[in-house]
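The two complexes that follow have chain A in common; it is paired with chain B in the first and with chain C in the second.
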Partner chain A sequence: MINEKYIKVLYINLETEKIHIEHREDLMQYLGGVGIASKLFLENLKPDLPPMDAEQPIVFAIGAATYVFPVITKTVAMFISPLTGELGESYAGARLAMTLLMAGYDAVVITGKAKKQSYLSIATNNVSVKDARAIWGLSVTEVGQYIRDRERHKGQADGKRSILYIGPAGENGVSFAGVTVDTYRHFGRLGLGACMGAKNLKAISVYGNRSIPILNHKKYLKLYQQLYKKSTVTEYMAKYHDSGTPENIMPLNKGGGLPTRNMRTNSFEEAGRVCGESFALKNLVRKMSCTGCPVGCIHIGMYRREFDKGHEYEAISVSYDYELIFALGIFLGISNTDSIIALINEVEEYGLDAISTGVCLGWATDALEKGYITDEDTLVNLQFGKPEAYITAIGNLAKGVNAFYQALGKGSRHAASIYGGGEFAMQIAGNEMAGYHTGYGSLVGAAVGARHSHLDNGGYSLDQNNEAFDEDKYVDALFTEECERCMTNSLIMCLFARKIYDRQTIIDSLNALGWTLTDEDLTAIGRRIYKIKLEIKKALGFRQMGVKIPKRFFETPSMNGILDEDVVKSMIRKYSEKTEEFLTSEGD
Partner chain B sequence: MIVMFYGEVKKFTNGDNLIKVDALYDLNSLIDKLSELYSKDFHKIVTENEWLILINGEATTTTGAMNTRLKEHDKIEILPMAETG
Partner chain C sequence: MPKMLRSIEMNKCLGCFTCMNVCASFNHKNHSLVKSAIRIRTTGGMASNFICIVCLACAKPACMEPCPSNALVKRDGGGVLLTKEKCIGCRLCEKACIVSAVNFDEEHNHPIICHHCGICTRFCPHDCLQLIDSNH
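Now for the complex of A and B:
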């Protein structure tokens, strides 16, 4: 907690509706964010019970420098992923971190299952479980409106409230259902939405009205101004504001690292039609920011949808970025920006993770074409490049309309285990791939990463640097970066800001808030947190050596050519040995 | 030899999209040449901005990185690296 020597944890048991607060001095060694979330998660985890059991915890945490410095905007969520069966970790921006800080809580631990369908209202000194039966079954937009109308606090400005909610996919237990935060941000990956649904929890509203005194104001102000300047007038963040992450499409396509049509190929002949420039020219209507960020990288795109005959139109607007365009566009062979926005909108309304949805539908299209499944399973004729059928399929998936969609709703690995076609189910350790087939760094990085995400250790960056590939160097770099990101995610800064916050800047920022830390301390904190994450994974039965990578990863050339399966196996083995040694080592 | 610049990279080349240069020995000497042409330390810029360099469409990580031998008709493409957060 800023200015204090403890971490303030709010515990909520939905079943008993018992709520209590603890001031935990012992958690200070984990700094905040993912550090305290990991520790609290491990303490409350029930490894012997199924992932969706009511006893399993969901933990939210903010960081040691949340909101008080620019671009430090994220909240972390930890849970057991119903998709992978092990560590679930996801980050979201918007207003949530700021409101938790203003409400006075560093972390929230939620256990139990509410007796009836409910939502949580969290405010300073006031937490309650409220009836949500009237909104169960509603789409994400509808539930957002409902909670906004009802959760009004005396003297409240809207900017001081944040709302998280799930859609029908989360209620129906789709393993990759996400959670929407304040309309345009998400805890997207690994199925937090299904975990909330399993707890009968439709939404969480957080309101905070404290103000936080800055003790060393002079030092703080000087540093804040420098960081603000770095975020706004230098080149560091300019590209995120300009075209945003869709800028990635061009280098990935040119370099041959853009997974296209269920990764049958590594480049898309129509990439130019769906790149950042095309979206900007055709659909971009505004840019937004998470609270506490002067950058504004959230790109809102709009298209006009005809909802009835007789010139009846409505404006559909969604936030878009590279991953969404990849998964719901390029991966499905769709090259029309309006259609991609329509698909994003569908995924949004049902509350699904866009990446897993797109990748699962890519597998289904291939499986249908190859005869593993039939039209009777898919109910629509899925074909690459044809958006209408995908729109219907998304609804079928969220609702689990038949046995096939119920299986697909548990992820592509699960569906392929029933219907076949595992060699082209593009997942790694159960998590559907992100849009980078760049080389050994991205593939091994996802296999060994704590949450099997490209963001765990930035393997895709290694593949694009200009140094020759070296197996051992890559393994070391992935390990070091994983620890580093554990440390930065304890602040919790937006990953886009990693060039602004170098080690010295982090030390100075924390120093202005009363911490006295050295470079060595930061290294130790990162390693300490990673160790806990590895312990969680071990408790949940995960073994790096057990990861089986689908054949297509070795058939379709990556940005660095065809990948050799033996090299990947050898790298995973080396990484596994490294982590085993690390786990048994003394201290941090 | 043709050297092409894309996206953000053009901010460092005074807006140039493409230049033709005489064959150079390797990528290191190409970066020297760019530093000379644009009066900037391109070695530092390439590292700091984590640019992606392609030789005839291939990433340099597999072609032997900065010591890669270049040929007269090679097409070099310099792009901003794909990044996310």
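Now for the complex of A and C:
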């Protein structure tokens, strides 16, 4: 949509291999990103058909200011989550947003199931469904190699390419299989990998090289320079570049908000061994950026693995972040950085979501110890702090080797519904918890949030802002922030940049690209988008009041002490009433 | 002293592509990476190193030699300068450069020549790119 008055949508039917393009002026009111993705998803959704039905859509979209301003780097994906059975929404960085922009598509709607195992090639002047039978079953690293080699676009102007791919977990329909983007970034959460697998879609390559003239050169460059400076010179972004997101570990641990060993406790006695500083000193070998971001928050950690006797070694390297260290380290009681990297590597190769994998294995460890399941189910002796068994278990989970792992592959809520132990299956509305047990904000925020993610409404930061708890104020703040993020996710900026892009900066940036918007317009856009998301959730049968929160959330103290179940229920009720009122209100 | 651009510390490169972005936007009024005279790429996937392909400011520029229309002239400090009006779009300069540093603008039918302005160095967050005194 940059320089245009319409949203360009590419529709692809994998079954018929037909494509068509629409120029949608009516979508401009949703700005871009999650706004246009939500509308397109709602239009193409088939609520009466099962989540994995061939007709269900997968929608990708980029935003109104993608790539052209610093740190505006994300692509959104929307789909029906096989994990929660309702709205699936996930964001990934790397090169994807820039290549979609350069290929010339603001949104891509994929429906149908390919007749044979396939991958999709989207380029500036060509879209095709290609044979992927030979690479079906391959790990994420291997499939990346083959697609890179096949999609060279030789002889064309020197554009750039981005590749998305699934691993065996997605092919096997694990409900929390993710999608890897350009090796180090992911559409991790809520099972987009399984949705692609169900469509016989192993990978998507996007190549772009079109020309995009700058219309208001002077205004654009002036603003670009200011924003570049803000992103690199000022203190806003320094922590993301220095030790990165693992910087959260020590403050969360000190405050008692760090879910440890399936959240039996709220702090980890060995947190210091797995904190950002420890990873930096022992394992960090490189930092990288998503395209268009000068910050460089992607931290690559490496360890030396002995694969055979006789001094036979290889280097294993992965990108690490707070959430991965939480889920595959702290939540499993593992305090060795090399072991955590080995576990991340396993999750990467099979194409799983790291958070759900770790949290599901945490439940399984507890359930085994308590006798809900046996060694015959788990096949290995899962014990907190013992990485070797978890490495085997991750493969078992991705491959669905027996009835137990097949059940666990549908999420901890589902597994506990069969084997028992639901009171300590640490999920909210079916989505495994993120690494924040900070208080009412994080818990209620995840329960009512559109995709039950900590990033929907930032409840965890509400808990940490040192203001006295007030039920009504919290409910209002969660609602307001949810709407605000609908707006910022229509740009689509990285959430780390939210201090750089205040309202006025967003208005100025969009203005440099030809939009004329006011502060009120931005508020209205956020609310308009949230309304559509709520409609999607309603169509898929979700009710906020129906969310059942496992007991352990009320037993293990949070950063703000023991949480009262009645207060949480009351807050969810109030939020639910608020959204009902909002849905029936006129206008935006 | 005339300057020339050098990618001297590519080990520090984050792969943010800001250099390409600003080269295209400042010099060619375009957002597209294909308009950039400097190119960053991997040597085989994101796990490999980033490399920089840009004009090395040759004292005896091979790209200039086959130019049939005198569109390329020697630049003080190394490399060449392009006079777009004289260019016929034959792409002989592109073929002559052995480090593949001559990019071609298919839309406007002329090569994209680095004139060592150094805008990319001002926007390199890790100082991989630097403008140094020319040794020619």
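Brief remarks follow.
We adopt the following convention: the second predicted complex is superposed on the first by the 583 of 588 C-alpha atoms of A that agree within 3 Å, B and C clash if a C-alpha of one lies under 4 Å from a C-alpha of the other, contacts with A are read in each partner's own complex, and residues count from 1 in each chain.
Quick note on the criterion: a contact is a pair of C-beta atoms (placed from the backbone, for glycine too) under 8 Å apart; a residue touches a chain by one contact, two chains touch by 3 or more.
This is a predicted model, so every value here is computed, not measured.
When the two structures are aligned on the shared chain, A:Met250 is found in touch with chain B, with no touch to chain C. Using the contact criterion defined above for the overlaid structures, shared-chain residue A:Tyr436 touches chain B, although it does not reach chain C.
Looking at the shared chain after the overlay, A:Gly85 reaches neither chain B nor chain C.
Applying the stated contact rule after C-alpha superposition, one finds that A:Arg498 touches chain B and leaves chain C untouched. Common to the chain B and chain C contact sets on chain A is no residue at all.
By the touch criterion given at the top, residues 2, 67-68, 70, 94, 98, 101-102, 144-145, 148, 157-160, 182-184, 209-214, 217, 220-221, 224, 228, 232, 287-296, 317 of chain A touch chain C in their complex. By the touch criterion stated above, chain B contacts chain A in their complex at residues 6-8, 11, 27, 46, 50-54, 57-62, 64-66, 77, 79-85. In the complex of the two chains, the chain A residues touching chain B come out as 235, 238-239, 245, 247-248, 250-252, 254-257, 321-323, 436, 438-439, 454-455, 460-461, 463-469, 494-498, 559-561. Every residue of chain C that touches chain A in the complex is listed here, in rising order: 14-18, 21-22, 25-26, 29-35, 39, 44-47, 103-107, 123, 125-126.
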